[in-house]
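You will see subunit A twice below: alongside subunit B first, and alongside subunit C after that.
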Partner chain A sequence: MTSAVGRVGTLAVPAQRVGKLQREGRAAYLFLAPALLFFCVFLILPFIFAIVLAFSDWGGFDLGTLKWAGTANFGDVLSFDGTFVKPILVNTLLFAFGSVFLATFGSVLVAYCIDRLAFQGFWRVLYFLPVVATVVAIGNVWKMMYQPAGLINGVLNKLGVNSIGFLSDASYALPSVTVVQAWASIGGAVLILTAGLKAIPEMYYEAAEVDGANSWHMFWSITLPLLRPALLFVLITQFIGGLQSFALIIVMTGDGGPVNATNVAAFEMYQRAFKYGAWGTASAMAMVLFVIILAITLLQLWVARRRGEETS
Partner chain B sequence: MRISRGLRLAVALGLFATAAACGGGGGAAGGSGDKVELTLLSHYSDGPSKEGLDKMIQQWNKENPKVQVKAQVVKFDDLLTTMTVRQTGGRGADIVSAYGLWGGQLMKANVVAKVPDDIATKIKAEYSPAALGAVTTGDTLLGYPTELNTYVLFYNKKILAAAGISKPPATWAELADAAKKTVQRDAKGNIQVEGLSLIQDGDNKSVHPFLSLLDAAGGKFLGPDGTAQFDNAEGKAALKFEADLAAAKATNPSIMPTKQFRSGGVAMAIQAGWWIGSLKTQMKDKYSSDVGVTAIPGPTAGSKGSLAYGFFMGVNQRSKHADEAWKFLTWMNEHKAADGQVTETGKWLADQGLIPPRTADQAAYKKSLSDPNLAPIYDAATYAMAEPNQPGAYEAKTALHNALMGVLADGKNPDDALAQAAKAVKPQ
Partner chain C sequence: MRRHGKFPWFAYLVVILGGVAMVMPFLDMVMSSFKGAGEYGVIPYKLFPESFDLNNYREAFSQLELPRLFRNSVIVTVSVTVSVLITSALAGYALAKLRFRGRAVIFRFILATMMLPPFLLLIPTFLIMLNWPLAGGNDFLGRGGDGGLTTSLLALILPFTVSGFGIFLMRQFMISLPDEMLEAAKIDGANQWQIWRLIVLPQTKPVAITLGLITFIGTWNEYIWTLLISSSDPSLQTLPVGIQLLQSFLDPDRTMPIVMAGLVISTLPVLVVFLVFQKYYVRGVVLSGLK
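Moving on, here comes the complex of A and B:
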């Protein structure tokens, strides 16, 4: 009897729990509903629409004119005769890799120095200012500095060097814009890396000092390895941002010129869709860029995991 | 199970919200009872262009209480994007003002309605060939021509005189000679005065000056089917002319004439007629003493060329009040101004320094031009090449721009650049 009651009791408890869990689950989904709705309307549905468009011929305006095009858009986009693979995709990768390399290198250096300075808050704010400023302001200031009669050429002229067409010469335009993108994104990376530096226990440095390690050894053997999770985050977010960025390019070179020298994938997509009404081609480009970003991000995560970093 | 149900709910809600967002508005125009409200989307967003259009709309609204017109304006740079987004969302304006170059694209996407036969017949009979050409795709007229611009050669009289040049250039040889004589550089090679500017403001900035030179040489941009026509002897001659000037450093695409000309930083520039209005405002008294305008010369004496581009106002294919929209457009384009000599629209455009597209208006204004510099601009409307606007023309223009910039900024071989641009032109 006792055992029977006990059995009933033990069965009753899970049933109550299940009921409670169901109620909690419903409540949880109810609370999540606004976020899920937002996610669906502004992310999932447009993404599905973009996939449909990538396989369609559509000139915009009227959904009734949408026609199935198979893989023709991808054929056009990935053709080596066109401009997307070279120079646009090549520019995109150079722009992203270049700005990530410069920004990461610069931000590690700046964060490491700030961590050893007085008034750290002031320095962090100073380096964070470009992140707060609008891309339009940053782009226009640098554009003026790059002009033939601008500050940088003025300094070069004083040093006896002839003016350089930083934004008008196809050989200099992309590196010039890449430097600005890196400069503008250092601030955000410095904040994250500073937090990473603060999380490194002081005792490692004290122990290393006792063992006679110099600053370089400490940076190379303690700081850099323990900063890896923060660095990984910075690398991934900056790289994705670099691959998708085009606002700075619009401000600084207007049309991705000269001669497509600063044209990047995101800008070309915008042009194809909104200027030429070639939504199918633009969406196919978006899919290609999506695959590239996904592949590079997975590669970064794989490399980090092989080195035993926490990446989840 | 619960998860899939939750997800289904989220997707259903998402679809519902999207449908609600896209379906809002439904038609292109609103109306309550017998009263019809027409919307007119344009880029006439400030200054005399906005004031003139608003004045006409106010007059119409006063005289037609049952058909009210409401102006919606955006900056020109945002016009095509706004049209795209609003039309796709089912909220397109009843009347759209658009750049002729977009015509093919708008026609292909069923945005602009066919012009009724009686109105089309009248427009074809009463408007100048350049204005009609700029707003006709294939054989299809897109609407009432409004703005019309032609390209001419602007020059600084004082800079030319200081270089010993007493009259404006009349051939390519004279033009090149004048550009090389007037260019000035400092010891570091920085250009102080550019000889001849081959860049215009805005989109695909190198194309319009080149097409004007191409027209002067007797060449064509695109054929009726959208195929490239510029990779031939005339095109090569026009681009070689530009390449020689770039090699001699008499032209530099990084110098914007709209910023440098007024301060004497550019000796000559191939520009559209609308620029006169800006120069008058910016240069004030110096305008009449310094600025001269002449036809863009061709390779031989007596030859000249220009490009004409235009805007039009058409009716949205989705408008529920197309008849009322055409009635308004007909009134707007045909009713006379207070002086009874020209149409109100003609006056509105002429007041902005633009060429009225209607032949009678042009003739009336040409009789008594207040500024002699306007004469070559009006003349150009009689011989200018109309900017092609079939589907794919915009991409073709960008391909040509990239080729031209390769020559002007990067020193590429003109023949190779033209061949590459021609290959990139894909008829649609």
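Moving on, here comes the complex of A and C:
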């Protein structure tokens, strides 16, 4: 990139150059003004507010009644006789891990297979449909299919298996919503993994074929290692998404039930805040989850950087 | 297509079985939307309705007040999409092509905004809306009013008017536009605004379609924030929230087919938009994966 300073500098006297750059700087800040204003009001301000609230005792309405509570909220939230650590935080991790595991396994398999078929665009669109649909459609359709008189139990009954209370039985409820979350996120992962697959040079496969490798060998020793960057990206973004998503759980279970069996951290925060007005406790929960997500994001950056050093 | 090995029967088997799992729920949704009063929730389960009766669709229009929900959804989605496109193109241009003090810092800040999880800002943003100065009866300090901005459709629009991802996407695209073209316009006496408006903006069409589509679909389907804002004022409901709340009030076996009819109607616009522009959407998802 040739810099504007260098280009102008050979022709113009310094005073003019400064004037030109100043004008460009002013224009730049005018172009950025809407975005910067927005981020001040809807990002920096709420972020500070979120931190303050987590350390406060506040009944709502008048900010004058806000009282400093130190780490009392965190003590309440993280105490082991409460419900937040167990089962809610445990549910959150199981939900995120479970759905990411299923979606990643499924999407690697599907992306690898689609790459060998005709009509690839058609197949990819098909798997992408749930990403386009609203969570209300996905949640309700699956809720319907999970009913005793629904599609899945209908198939089970045909096979001679008794009906299962997928959403009403506390031991099945969390796995049931986890499967739906995975189902809904396969399509996005397939797209990204396909881009990763396309970037693998064809000649590697040709060379392996000459050496007599079968498809299985090729998958393990060529596809999977070279797919790692795309795979890592899918894993991390979906895991972060899974840790904070609760729209599906609201739609499918209403209250995170039966008895907290499907309750997750972000949903508990939502209910504490907007149902019970416990702003301080809810904000402390948000902070705990935020720190977990931040730690995972930093871990991701660290891994990516270390791998970068390895290869260069 | 990679043609190693013989006919990929195993690949076909996997993809078709998976495809059935992907399509089945949507098929069940469409079929249930035609089921009559005594047909839904009956054991043994039947996929197909006895007749393709449009009664549920008529019910959906009257019980759900679909026209009102549709109007709200369209207003919110169009406003957010237009705003995101304009603000992203403006900020993206400054970050890609203008030289100014603080550019690197601001770009890094934009990247950092994408890492902040939305749920963290849910509570404070709601409180900011509630105490918005000079709205809904609030005084200029944001006190005393009756709901502040939360009683207006603006509450569903304002918090989404700028997107860090959108700015990033635009910046990445604009950085590849040739500098010579902009220099030539500068020599011809164009100011930065004219360069942006007349030279840069028309070139961004492909990335604008990608960003517009991602924003459109995301906003159309937005659920949590709208649920929260409209909980005190049902006139602000959009399609997903209105349809969801109908079914929680009434007997599920009676209303589920109506809900399904509503969902079919509300899913169709996004589906059509997606299918028409799908190659742009696909590219956007892939681009976001390569940041």
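One rule holds for everything that comes next: the second predicted complex is superposed on the first by the 269 of 312 C-alpha atoms of A that agree within 3 Å, B and C clash if a C-alpha of one lies under 4 Å from a C-alpha of the other, contacts with A are read in each partner's own complex, and residues count from 1 in each chain.
Assume a residue touches a chain if its C-beta (ideal position, glycine included) is under 8 Å from a C-beta of that chain, and two chains touch if they have at least 3 such contacts.
Since this is a predicted model, take the numbers as computed values, not measurements.
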Clash or fit, subunit B versus subunit C on superposed subunit A: clash
Partner chain in contact with A:226 - subunit B first, subunit C second, else both or neither: neither
Which superposed partner A:150 touches (first subunit B, second subunit C, both, neither): second
Subunit A residues touched - subunit C or subunit B, whichever exceeds: C
First, second, both or neither for A:25, with subunit B first and subunit C second: both
Which superposed partner A:169 touches (first subunit B, second subunit C, both, neither): first
Touched partner set for A:277, first subunit B, second subunit C, both or neither: first
Subunit B versus subunit C as contact partner of A:124, first or second or both or neither: second
Touched partner set for A:40, first subunit B, second subunit C, both or neither: first
Partner chain(s) touched by A:255 [first = subunit B, second = subunit C, both, neither]: first
First, second, both or neither for A:65, with subunit B first and subunit C second: first
Candidates 37-45, 55-63 or 73-81 of subunit B: the single one with C-alpha clashes against subunit C: 73-81
Subunit A positions touched by subunit B in one structure and by subunit C in the second: 25, 29, 36, 39, 41, 45, 62-63, 148-149, 153, 157, 274
In the complex, subunit B residues that touch subunit A: 2, 6, 9-11, 13-15, 17-18, 21, 80-81, 83-84, 87-88, 92, 105-106, 108-111, 188-191, 203-205, 252-254, 391, 394-395, 398, 401-402, 405-406, 409-410, 412, 423-424
Complex contacts: residues of subunit A adjacent to subunit C: 2-5, 21, 24-25, 27-29, 31-32, 34-36, 38-39, 41-43, 45-47, 49-50, 53, 62-63, 106, 109-110, 112-118, 120-121, 123-130, 132-138, 140-142, 144-145, 147-151, 153-155, 157-158, 183, 186-188, 191-192, 194-195, 202, 205-206, 209, 214-215, 218, 230, 233-234, 240, 244, 246-247, 250-251, 254, 266, 269-270, 273-274, 279, 282-283, 286-287, 289-290, 293-294, 297
Complex contact set, residues of subunit C against subunit A: 1-5, 8, 10-12, 14-15, 18-19, 21-26, 28-29, 32, 40-47, 86-88, 90-91, 93-95, 98-101, 103, 106, 109-110, 113, 115-128, 131, 143, 158-159, 161-162, 164, 167, 179, 191-193, 196, 217, 220-221, 223-224, 227-228, 231, 239-241, 243-244, 247-248, 256, 259-260, 263, 266-267, 270-271, 274-275, 278-279, 282, 285-286, 289-290
Touch list for subunit A against partner subunit B, complex: 22, 25, 29, 33, 36-37, 39-41, 44-45, 59-65, 81-83, 148-149, 153, 157, 162-163, 165, 167-170, 255, 257-260, 271, 274-278
